[in-house]
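Alright, structures below, take your time with them.
One chain, chain A, appears in both complexes that follow, with chain B as partner in the first and chain C in the second.
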Partner chain A sequence: MEELMSRAGGKVPTRERLSQLAVSETGFIFDPQTGQSFSVNPTGLIVLDLLKRGSTLDVASNSLADRCGIPTEIASSSVEAFILQLGRYL
Partner chain B sequence: MKATRPKGKSWQNYKVAVTGINARAENPGPGCAVARCIQEHPLFKGSIIGLGYDALDAGLYARHLCNNSYLIPYPSEGEEALLYRLAQIHKSEGLDAIIPCLDSELQNFGRLKSELQLMGISMLIPSRDQFNLRAKNHLSAFCESIDVNAPESKALSNPTFFDTCEKEGWKYPLIVKGIFYDAYIVHSAFEAKSVFAKLVSTWGYPVLVQKLVIGDELNLAAVGDGKGNMLGAVTMRKKALTEKGKAWAGVSIVDDGLTRVAERIIGALSWRGPLEVEVIKGYDGKIYLIEINPRFPSWIYLSHAVGRNLPVAVLKLLSGLTDLELSEPTSGTFFIRHAQELIVTLPEFETVLTEGRLAPQMVQDQIIRSA
Partner chain C sequence: MNNETKKLVWEPPFIQPHRMGEINKFGRARLHDNSKSSVYGVSVIELLRRFGSPLFVTSEKQIRTNLRNTKKAFERRYGSVVHGWSYKTNYISAVCNIMHQEGSWAEVVSAFEYEKARALGVPSNRIIFNGPNKPKFIIERAVAEGAQIHVDHLDELQLIESVAREQDKVVPVVLRLNFDTGYTEPWSRFGFNIESGQAHQAAKMIALSSHLNLTGLHSHIGTFILEPRAYAEQVRIMCKFMRELESNEDFCIDTIDIGGGFASQNALQSVYLPPEQVVPSINEYADAICTALLEGTQYRRQIGRELPRLIFESGRAIIDDAQSLITTVVGTKRLLDGRRAAILDAGTNLLFTAYWYNHQVHTTKPSEGTIADTVLYGPLCMNIDVMRHSVQLPPLSQGDNLVFSPVGAYNNTQWMQFIEYRPNVVLVHESGECSVIRMCEDLSVMMQQDRLPEHLSMPFPDTVAMNRVLNGSTIARRS
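The block that comes next holds the complex of A and B.
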């Protein structure tokens, strides 16, 4: 996460920011700081859940690769893209 | 003259008068929401007296909110007319407290505070100095004195400013505001001058112009204890607006930055009473103070919904309680405002127009007689 932050600058949400989010089982997300709400798909929910629990990007990518049966490289780039996308909402 | 309110009377049994019970859907007064907060508190056993200015103020007829209702003179008639009318109402009702809910009436109520106190009627309202310091035309100077960001603003008495303002760095769109209420975004000198004339005819001089800040609009309602402490802040983000820019949907949030700004305001003013702090959280992350309203906002029912019933907190403070039993701030509670028709019978309307009051038994009798 920190590595991605140094590459992408301020658009990456911090762990503290992610931990504030209220996430439902269906992927509905409420940001208590801004009042904004949005939804993530099931794979996004897997990644967000792992990151909120403190997993590193590598752990989140490997876990996503295992659960979805995709190569780790694809999972890794998908996780990075997802976090950058998330940064635009937070 | 001695205070008629027995010492130690519990807030739960108070007879509370509430003003601002007009309820136009696009821009309702806060009074009905204040009354609802108090009526729905499980421990409240007293009654609410609605004080309206116009026979079409909906709260006058809202039986579930106001047990009895009265018309009072418009603020422009001055404090003597108000005192005379309040004394009449007090004789019939035996009021314990008044919660004024409109900016335009607060100065009159402020001048009558001692007289009303002697009659046994308490109010938690700001002093004249506190009221004036936070006024729209003094806001920039106040913000500078407490190191809070505010959009640049100016008090105007001449609309020709709008013809040349762009040369002086005031680029359109701008916000043009009345001294008490109303704010419009204007995109040209023509539009600005038309709004200027409208605001002068409604609210008088000066008219205020403010630079537009782009960001999210956040509002915070709280109560100041008069000693510099903020009690029970509730923060809301507007989710949908009426044409007048008022919230018709919103959600409770927790924003530490805004809370700190509000604490600084209340501390600097030693604010006494309810207030609403309106800010824009700019996309640069900074908080810009837009307005400080010296009363509860019309969305105050949200405070009851999140366990921080601020109108009841005011009653508790007036009764001398210090433990307000407020829940921790929470986020994620939504409100959606909706319009609803109140049915008013001819005898009810007639009684308000001819007698300036609406007492339930009298109306009931008239209905039975006419049946």
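The block that comes next holds the complex of A and C.
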């Protein structure tokens, strides 16, 4: 995650913080620490799952690019944005 | 996971916090697919290929069906009834002529609308001339041609009288009335007020004039009226007034015109429930109106007088669902608050009614991906150019099409010539054939009315001096 921190340039949630989240198959997320709930879209669900399991930004981006059939650079920048977004909420 | 796994629809990963009060009554349940690939039986792709985007599509069959059903509802209950087509609701020539072919008169409210009805070939005795601004030249024409003039205020009454005298005629006039039904905000700015005595005073003046003859009463209690009892009350008050006039003065009222205002199947932004649940059927309106009218005119039957002719001027209820607007997505965005947004090639410049309705929005191909809250923007450089502030839609991409409906009322008249060209309006004929009924604008249309004074004929008149400046700067740079 530190690697993400420097590349994404903002607050990034730790793997421990992410692992606290209760995530349903349909993309419903509950954060027991704050009581806040969220919805995540299908691509977000995949990335969140990978990050919780400790994937690096590159692994998560490659995997997403593969699942959706899109170029890795696009996946990579959108995964960075997603991680920063997580950082804002968690 | 192997390569055979079905590819996921690409959308940037996104997380959205739930805010209290924002979850609708359907929870996050995936809404059913509401796409439709055709409008009024014609393929959207085919329409766009032939006529371009954006595109207004009008259904002749729907207009005729709506009008027939509405007239039948009144005729069954009351007998003789005339529909006055409210030109301002949609005055595209083909639309007006469909109405006229169905027997509707023209209800016009300005010199332009009067001239348009006559240009289309509407006989003057089938023109109802309403509105607060009737300049002398058009009153002269209406009097000479024998149109049915509805008087809005005292100055106008005097003007009509003087024109009638000049032309040495006795002009039949209809008084526009306003009063409080207790159901709607009274539109007291139009016509003569009953409660204050203005209406009685106007009737007296007509009675005293040897050039005027009071033949009818008119009122329009408002628009998008969701309560049929408002009309029952309107008719009761008008009949009471008619009876007073007929017993005090030597009048014989042959026309009761109840105006328009029946709601269409559209969703007002201020109304929580969907139109299916709040908009009364035509039969409910007709029931309320005709019951009150038969009651209020019973005195005439007792003395062997004919019943007055009933005129109604329904606009939106006849045309709204007979037109849809096809638009194209030109780009998509993610807003800072997490919502999806799309920019369309049509905005409030074309869909003026988006300011007060939540129109239905349909995609034109089966949806893929998660349905989510989406904002739809028009193409204008104005913050208020929003087609829908919040609508549940699947992810959109550039080039996707969205169909807005119903849009038939007040858009082809109130649309703005602002920034963009106005697009084609087409009609789906009863045969299924399609044709343009209003051509899209182009540069020549946009510049046609401009006039350039001599000294402004060139944008950069001093081109010689200009060249010198440009050359000078070139040299300066070289040195």
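Criterion: the second predicted complex is superposed on the first by the 85 of 90 C-alpha atoms of A that agree within 3 Å, B and C clash if a C-alpha of one lies under 4 Å from a C-alpha of the other, contacts with A are read in each partner's own complex, and residues count from 1 in each chain.
Basically, a residue touches a chain if its C-beta (ideal position, glycine included) is under 8 Å from a C-beta of that chain, and two chains touch if they have at least 3 such contacts.
Bear in mind that the values here come from a model prediction, so they are computed numbers and not experimental data.
When both complexes are superposed on chain A, chain B and chain C sit side by side without a clash. The larger set of touched chain A residues comes from C, when the choice is between chain B and chain C. In the superposition on chain A, contact is made by A:22 with chain B only, not with chain C.
Residue contacts after overlaying the shared chain place A:44 against chain C, while chain B stays out of touching range.
When the two complexes are overlaid on their common chain A, residue A:35 makes contact with chain B while staying clear of chain C. Minimum C-alpha separation, chain B to chain C, in the superposed model: 8 Å. No residue of chain A is contacted both by chain B in one complex and by chain C in the other.
Across the interface of their complex, chain A is touched by residues 216, 236-237, 239, 250-255, 281, 331-332 of chain B. Per the touch definition, chain C reaches chain A in the complex via residues 5, 7-18, 28, 369-370, 372.
Those residues of chain A that touch chain B in the complex are listed here as 22, 30, 32-35. Residues 26-29, 36-44, 46-48, 64, 67-70, 78-79, 81-82, 85-86, 89 of chain A are the ones that touch chain C when the two sit in their complex.
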